[in-house]
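Going by the order they are written in, the chains are A, B, C and D; count residues from 1 in each one.
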Amino acid sequence: MAISKKRIYEILEKTEKKDVIGKIVDWFIIILIFLNVGAVIVNSFTYASIKYRLILLALERFSIVVFTVEYLLRIWTSAYKYPDSRHPVIRYIFSLMAIIDLAAIIPFYLPFVVNLDLRYLRVLRLFRLLRVLKLNRYNNSLAMIGRVLKNEKEKMFMTLFIITVLLLLASSTMYYFENAVQPEYFPNIPATLWWAVATLTTVGYGDVYPITIQGKILSGIIAILGIGLVALPSGIISSGFINEVSKNGKKTICPHCGKEIDAASD
Amino acid sequence: MAISKKRIYEILEKTEKKDVIGKIVDWFIIILIFLNVGAVIVNSFTYASIKYRLILLALERFSIVVFTVEYLLRIWTSAYKYPDSRHPVIRYIFSLMAIIDLAAIIPFYLPFVVNLDLRYLRVLRLFRLLRVLKLNRYNNSLAMIGRVLKNEKEKMFMTLFIITVLLLLASSTMYYFENAVQPEYFPNIPATLWWAVATLTTVGYGDVYPITIQGKILSGIIAILGIGLVALPSGIISSGFINEVSKNGKKTICPHCGKEIDAASD
Amino acid sequence: MAISKKRIYEILEKTEKKDVIGKIVDWFIIILIFLNVGAVIVNSFTYASIKYRLILLALERFSIVVFTVEYLLRIWTSAYKYPDSRHPVIRYIFSLMAIIDLAAIIPFYLPFVVNLDLRYLRVLRLFRLLRVLKLNRYNNSLAMIGRVLKNEKEKMFMTLFIITVLLLLASSTMYYFENAVQPEYFPNIPATLWWAVATLTTVGYGDVYPITIQGKILSGIIAILGIGLVALPSGIISSGFINEVSKNGKKTICPHCGKEIDAASD
Amino acid sequence: MAISKKRIYEILEKTEKKDVIGKIVDWFIIILIFLNVGAVIVNSFTYASIKYRLILLALERFSIVVFTVEYLLRIWTSAYKYPDSRHPVIRYIFSLMAIIDLAAIIPFYLPFVVNLDLRYLRVLRLFRLLRVLKLNRYNNSLAMIGRVLKNEKEKMFMTLFIITVLLLLASSTMYYFENAVQPEYFPNIPATLWWAVATLTTVGYGDVYPITIQGKILSGIIAILGIGLVALPSGIISSGFINEVSKNGKKTICPHCGKEIDAASD
């Protein structure tokens, strides 16, 4: 088997259009991920999980072997992924994708080390679905969404922080309003957070709601602020996409010298 | 009756402003569609469906005849619709509008072939409402909305895929949190999806909600992510509209020298 | 009292910064509108409406007199409002603001003509609040919001039509899914619309929700489409505002002749 | 201790990157704010508030001392903050941040003046969290969000006013529809506002909803208008961010001739 290390890297990571084996491996892993998602779902049905016990077990063992081999091969070939890095293995192991891949296999191996039943961690395998996002077909769209989210990261975090402060203020105030009247629904501030989140995000399950007048007024203010808080990320993401689109397409001519320049080269 | 094939095509498909017969046919079919929508609604009232049985039956038979003739004429004249196509009939039959038109009449004919009562498929006739969207008056606005949705199709699909992955992750995790405490509401992962959709889309019916602390925390995170997920399509569509508008308006003529300049030639 | 017709028009309609009497009249009418809003609210409390019966009656009669005089004066001076119109009175009477003003006083006069108690139409007086929107201070912002909504009117109507079609399709299908299982909540298609609106707009009261599997799947699809339908008007309005802002501020230099031009003169 | 007045100002307000003492003071106050947030939360648990009574009391007294000293020092050094102001102390005292800081300490001192138990005002201390927003790391993002909100302030207020008018109109009309049938849920117009807010903001708790046909139709219209009202602030904020971004990036240097050009000098 004269498959070079570089060839393995190409098959796993950088599948090009004409690379038939790369495509087969890609699809084989994607199908295996979907089968595992199906297995997690089937496992949640008591009857079916018993009836198809052997098939599910076989699938699990087979997947663990494949995912483990894949994980190890990716570590082994990490030098090609980060050619400029001095410690490519460490860099790869701590990348988001590698952590997700490890999380998918580790619950199987842990019981051999510690005496615990970690089968419910099987759900971690679902995170491997994120690798499916890397499918070639929609790569450009995904990359653009990714770039926009990355560029606007700081503003989104600020929005999240504003939301958190608002939630804390709202639930602390609501606690003082409603605790005396509905101690079972508003027993303390963390429990009141449940109401605050449901209101600010406009989910409104309706299991907990204020009954005092001041509580209802506060609830109304929070709900209206909720509209504003939907507007904030919308505006941030909108301007992010517009920026990204104009970066791609804008080529203007300098009025002084007639040569082409990138207008949005910021 | 010396109405040429081309004339029939013009009447049905490409009604111009001065074409009186074309307008009459257009409005006749649109009124018939609305009458059929009304009939489907009236049929859902037990009492009214019996009282007006004969009128409803007459309307149904009349509509089927008209819609069938219309469908056949559109197939017959499809060569004018797709002048460059080698198989215009096949291309037309598999176009979205033709499938909708067929779905509106097929439930009437099927019982003659197979021994089934398919009357409840009458609801398919409502899809013909989509043809009303093609009304002349708002054609430009509809065309622009259509173009934007088409241009941003890939990004919207990616968003949908991210939503799906998120829903699966959320419902699998929630199942492990809540199943032991509320087995009647969270019996398995697909059933838990019902909660996940209601939360992520911020609908929040309130029939199913978590009661454990970890479940409530997850629910809050999903609800806040829901705000972000409303922002994503908003941003995508916004940038799509802005792009479309700037494409339309960007060809300007300098009022001083009369030369055309591209403000942003994307 | 030598107040000219033109002066009355200026006082009522085109109050300039230094016009003290105009300002006083403006504020007098705005305060009267707010008092009427207060009266409508107080009237809804059984006890208070009896206790303050005389004050409320006095306010009502006084307001009717003022609003009637104002309405008549506006008609009388309408020639100044529409100097180019041949029938300014008719044009004014059928303008939106005049209809609102008439609706605020007509319920008081009608009982003299027809033998009906139309006191509950007092609520129409609240629509006069819309005149408050015309306050000077935020005039520019309101005008811009108005311009954007007017420019994007057609696209917004198309969105509304798409929403209507979607609601009809969703409720007809849901009726066939749920009617057999929950005939009390889904008795007919118009009743099912109540569920469809609550889901598509993500309000989700929780009084009506599907319990069959196919119904829940449909509900989930409609809820996710609801996210998309929030994105559509957001995108339309966003691009409208951006267009409006760029129209206001954009002055560029033509690269061929060096003179200033409006880049966004579309 | 020869710490100059100016040095104190620098430590408190304008911490530069290399100022170690400034950083320590900053972080000390931020940690104290978070500890106070924690204390407010712990206080809401009856059992914990008794068990940790002494620690909570000590923390409260310590925080009051620190926050009071900080407040007084900020007043003392206010001349450096507003160098151009003739009354910097007064200007500082009435700034938003100073009012928040005062609100955090005043509930402790008031009982010495008036004979009231104002301990529940402790919740005001949470507002100090807003100072955490001023952390250096995300300063740029926060400043931009702040600038956008400030620029679009007028339009946002107009939107809020439109929302208020709409809420009043909706609840007055709904009161006349539902009061006779559900007097316990729709007893008067202010109580009906609770329904109106929950519907327009699409929260939809589900505790109050119309049961008459005309009430349900109104509810549907309000819910659909709610979608439009989410679109309005989204559009406003979007255009605000785009404007802000383009302002930042628009000064570009032509790479060929070195001259500066304004792509859009707004």
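Assume a residue touches a chain if its C-beta (ideal position, glycine included) is under 8 Å from a C-beta of that chain, and two chains touch if they have at least 3 such contacts.
Remember, it's a predicted structure, so these values are computed and weren't measured experimentally.
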item: Fraction-based call for chain D against chain A, same above half, different below; value: different
item: A-B, B-D or A-C - pair sharing over half of the C-D contact pairs; value: A-B
item: Where chain B and chain C are represented by their mean Cα positions, the distance between them in whole Å; value: 29
item: Averaged-CA centre spacing for the pair chain C and chain A, given as whole angstrom; value: 41
item: Shared-contact residues (touching 2 or more other chains) in chain B; value: 198, 202-206, 230, 234-236, 238-239, 242
item: Of all residues in chain D, those that touch chain B in their complex; value: 202-206, 234-235, 238
item: List of chain A residues in touch with chain B within their complex; value: 37, 40-41, 44-45, 120, 123, 126-127, 129-130, 132-133, 138, 140-142, 144-145, 148, 156, 160, 163, 193-194, 197-198, 201-207, 229-230, 233-234, 236-242, 244-246, 249-252, 263
item: Interfacial residue positions of chain D with respect to chain C in the complex; value: 154-155, 157-159, 161-162, 165, 168-169, 172-173, 175-176, 179, 188-190, 192, 198-199, 202-206, 209, 216, 219-220, 223-224, 226-228, 230-232, 234-236, 238-239, 242-243, 264-266
